[in-house]
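Look at the two complexes coming up: chain A is in both, with chain B in one and chain C in the other.
Here is the complex of A and B:
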């Protein structure tokens, strides 16, 4: 029983990390139907920004979110204005041009980081980096707990903005039906710019928090990007609550498969990608789509 | 006048020809930018220093003549396909007499198929994977096999048992990255365990590079309750895994991450949590040989950098190639290859002080073992006769 609780709590904490690094992808896909391949590059750049703030001004990585997130929001808006807005619009799905452009942007960011910081492995060590707290017989890292707390706050904050503010309602309207939103007077171009800014700010938050857990180089973020893809597909691509649930499902499957089966731990990634393929084939709408389908069947009966 | 000019040009060309042949053309392809740029850049620096020193001494003695070394060093941007293509370019367009290989097993693996095609001697100082060697008579390497690194670590642990610091039976958690490097390391440990009944691998797990969550892996390690934790990891994975390890409150009698442990980046990232970790390497600046002490001073003076194992191995690899060319007494590829195959470079800075190659073309030199001590100190603890301090075992509980 104790093992069950410890594994469940570990899964929960890991889910917090997974969700935080995936929100940004979902925001941008939802509004613009673009898969932001530069997401990993933005996370890496934010990790370096956090490192620089910690190194130069001894600013705590979690406090640096107050600087990094707004700065990357503006960076995202600037990227939208100069690069993204020229992409051809497609309501069906991500265009080849957008994939190539954002992949190119990722490479530019990577090489920029190599030019500025070189290829040395960097990391941030705070007084609590190696600390843990004990409950239910397990020990849980303080940074993981803080990341989880930020993830919950982000989810709550995002939901408040999306449900209670005009901006949020406009974002949801454009996500659901861009043309109808424009007919209702929503400036879809402006909303797309803000959404790209929010997505970039969330990528930056993910990167800042990852920098408290991992060492990084300019090549950092690739494996997290792949995991984030799995999570947003599981979460239905557009729903933030779906992303949180997707992260939870993936994390629980990974941790429980390792704790209660003899599947080698090195198959962790294989589990994620198998799940991705299964969901794409069996339930292209992700978990929310599956839920809606089951609900409709229950009503029909 | 024009006739005079033609004769002058003819004479210049004629006189110029033998002068060009007096030059040893060495090609090198290294990852100076991209993912492997940190160590690739260090290899470039050390290679250039070794060539500069040879040229400053008047060149390399080849068949009774001193010849200057002309180094053409290209950057493969850490891209394997580009790496192989640049080696080909050096051979076919620049007509180099020999090639110095790159850094990183995957890059060297890609490069190593090219020299065989053209019959050009190739010497790498940046790959320890055994699979690269023994397939072509033209390919040589100065890094000893990774499985011998594991074997050295097991011999070191066995010596601690003999000293009474550890007691058999000892159970092992063997955690290796899912790469050729990791597989070779696991092979070395398993081979030792097979012939030593006091040891048992209780749990053997692999992990992917840049794993996002080490809890599941370390949970299994915790449940196995082993005495020793033997891992083989890249720097980023070592840092992430050891942070989780420390947070989970795990403890083993002895702990290693293969070649990782005393790296400055790791000590900065993990602080006192790296104390007492032991690590093995191809070289250490703590080796007590006079030539190593001279090298440390000279390298620092010339570059401003304290030499690490990668500086030393790149430097010594270049020296080995130039020594073989001198010994061959000719720039004929076959003669240089034969000289490399039979090379015994005495007073070398490598552990054991003699650099040579086995039948497969790969060196088989002793490894050193270092152990981190509190306060950022590092001691060389193996080979015992070269130790700068005693090995602390078991690791004290903090």
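Here is the complex of A and C:
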């Protein structure tokens, strides 16, 4: 019983981080209908930016978020203006062309990191990296708890923006129906630029916080990209709540699988990859789609 | 004859080049042959991938799995006492079986979703291969001593490359190739016209993965040592995809040109210490530029230039009659 509580709490802590790193992917998909493969590269770059700020100015990784997130917001807008904007728009779904272009961008970002920081494994050490607190009979790392707190804060903040401001309403409107939003006077091009900026900023926050928990190389981020994609597919691709639910589901499955089954740790990443394929194939609408389908069946009966 | 040559402008050059490849062991030294072996290896990978990715439009980012399956089958069976050459059919058969296992669920996905799922499959295979006991884990495996013979391996690789290109060219104009083309253009339309799309995709996947696994087996025999980091590497999957894209997806010549370009680039990059670390930049930059300006790759660019020239030469009236 006690083990159950500890594993559940661990899953909850991981889920916060997962939601933050996945949200960027979801907002960009929602507004532009493209799958941002460069997400992984942006997370990796943010991890290195945090590392550089910590190394050069001894800035705390969590405080550096205040610098990194706005900087990446601008970087995202710049990327949109220079590259993404010129892609032909498809209303049906993401085009192969956009996927491959963003993939190319990811490779360029990786090379940038190799050129600046080299291929060695890096990690960020703070005075509290190794410390932990004990409650409910389990030990939880301080960075892990801080990451969870920051994730929740950022997600709540984002939710407020999405619900209360014109910008947020416009983003949601374009996500739901681009043409209708444009007819009501929303500047969809500008909204797309802002959404790409927000998506990049959230990728950066995810990457910065990952850097406090894991060691990283320029190759870092691929497994987290696949996890993030798994999460947004689980969450039904575009809704804010969907991302949170998807993050919870994935982190619970991962943590419980490693705590209660004999799946070795080295195979843990394979869980999310397999889950991704299973969900894409069996429930392409994600959990909301599955829910609607079951609901309809119940009504029909 | 002239008409035939006009329709297949790359054929004479291709034949000359093939003859050169087969004669290379007599004419050149070992260094050049190594480069040519590498080139042939990439031609197999690019042309075989093109069958599924180019003709049918199913872009898979998980092809290193098949290189790995071929390589591991050969090394494991050779260590069990088999002759390396006898392992070739087994590795092709295993890759085909795996391609069906992977294809059955993933071919229900369309476009980018299929692509993302293949990244997942490729990564899962790599993670599992690094974790298992009998594959030697992440430290890899060695071929038994005395199995190395560059000469025969060179001929095998060149013949495999020529056969792959010929097979792909033949398949393209066959009814099977046309159904793949129909799937690429409009999968629902193809289904409506009676193409069994899942079956056609599975067949294309099986053929191309079998060829890639054979190349992987020859790779293992040539390099004598394999590890998940060399044959299951994501960068290998990436290179396999980039070659046909840069050359021209869905054409016969495109992937070959792409493979020649990439093997040349690789040789140049590995030789220069400053450029060695920038290959990702070059690959990624090429991908961005190709996708933004000419999704048809080198072949697409060539055709566009030729059309411009033709239009300038033909008077407007003649063009109108030609078009009608």
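One rule holds for everything that comes next: the second predicted complex is superposed on the first by the 285 of 301 C-alpha atoms of A that agree within 3 Å, B and C clash if a C-alpha of one lies under 4 Å from a C-alpha of the other, contacts with A are read in each partner's own complex, and residues count from 1 in each chain.
The rule is short, and it goes like this: a contact is a pair of C-beta atoms (placed from the backbone, for glycine too) under 8 Å apart; a residue touches a chain by one contact, two chains touch by 3 or more.
Fair warning: this is a prediction, and the values are worked out from it, not measured in the lab.
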| item | value |
| --- | --- |
| Clash or fit (per the criteria above) of chain B with chain C on chain A | clash |
| First (chain B), second (chain C), both or neither touched by A:10 | first |
| Chain B versus chain C as contact partner of A:58, first or second or both or neither | neither |
| Chain B versus chain C as contact partner of A:125, first or second or both or neither | first |
| Touched partner set for A:298, first chain B, second chain C, both or neither | neither |
| Contacts of A:96 with chain B and chain C, given as first, second, both or neither | second |
| Which of chain B and chain C A:222 touches, first, second, both or neither | both |
| Partner chain in contact with A:214 - chain B first, chain C second, else both or neither | first |
| Chain B versus chain C as contact partner of A:264, first or second or both or neither | both |
| First (chain B), second (chain C), both or neither touched by A:140 | first |
| Superposition clash, chain C against chain B - the stretch among 129-137, 165-173 or 237-245 that is involved | 129-137 |
| Common interface positions of chain A, toward chain B and toward chain C | 114, 222-223, 264, 266, 269 |
| Interface residues, chain A side, partner chain C - complex | 35, 83, 86-87, 93-101, 103-112, 114-115, 222-223, 226, 229, 264, 266-267, 269-270, 273-274, 276-278, 280-281, 284 |
| List of chain B residues in touch with chain A within their complex | 33-38, 40-41, 178, 205-208, 210-213, 215-217, 219-220, 235-236, 239-240, 243-244, 246-249, 265, 268-271, 273 |
| List of chain C residues in touch with chain A within their complex | 57, 59, 105-106, 108-113, 115-117, 119-121, 123-124, 127-128, 130-131, 234, 238, 245, 277-281, 283-288, 291-292, 295 |
| Residues of chain A defined as touching chain B within the complex | 6-7, 10, 14, 17-18, 114, 118-123, 125, 129-132, 134, 139-142, 144, 213-217, 219-220, 222-224, 227, 251, 254-255, 257-259, 264-266, 268-269 |
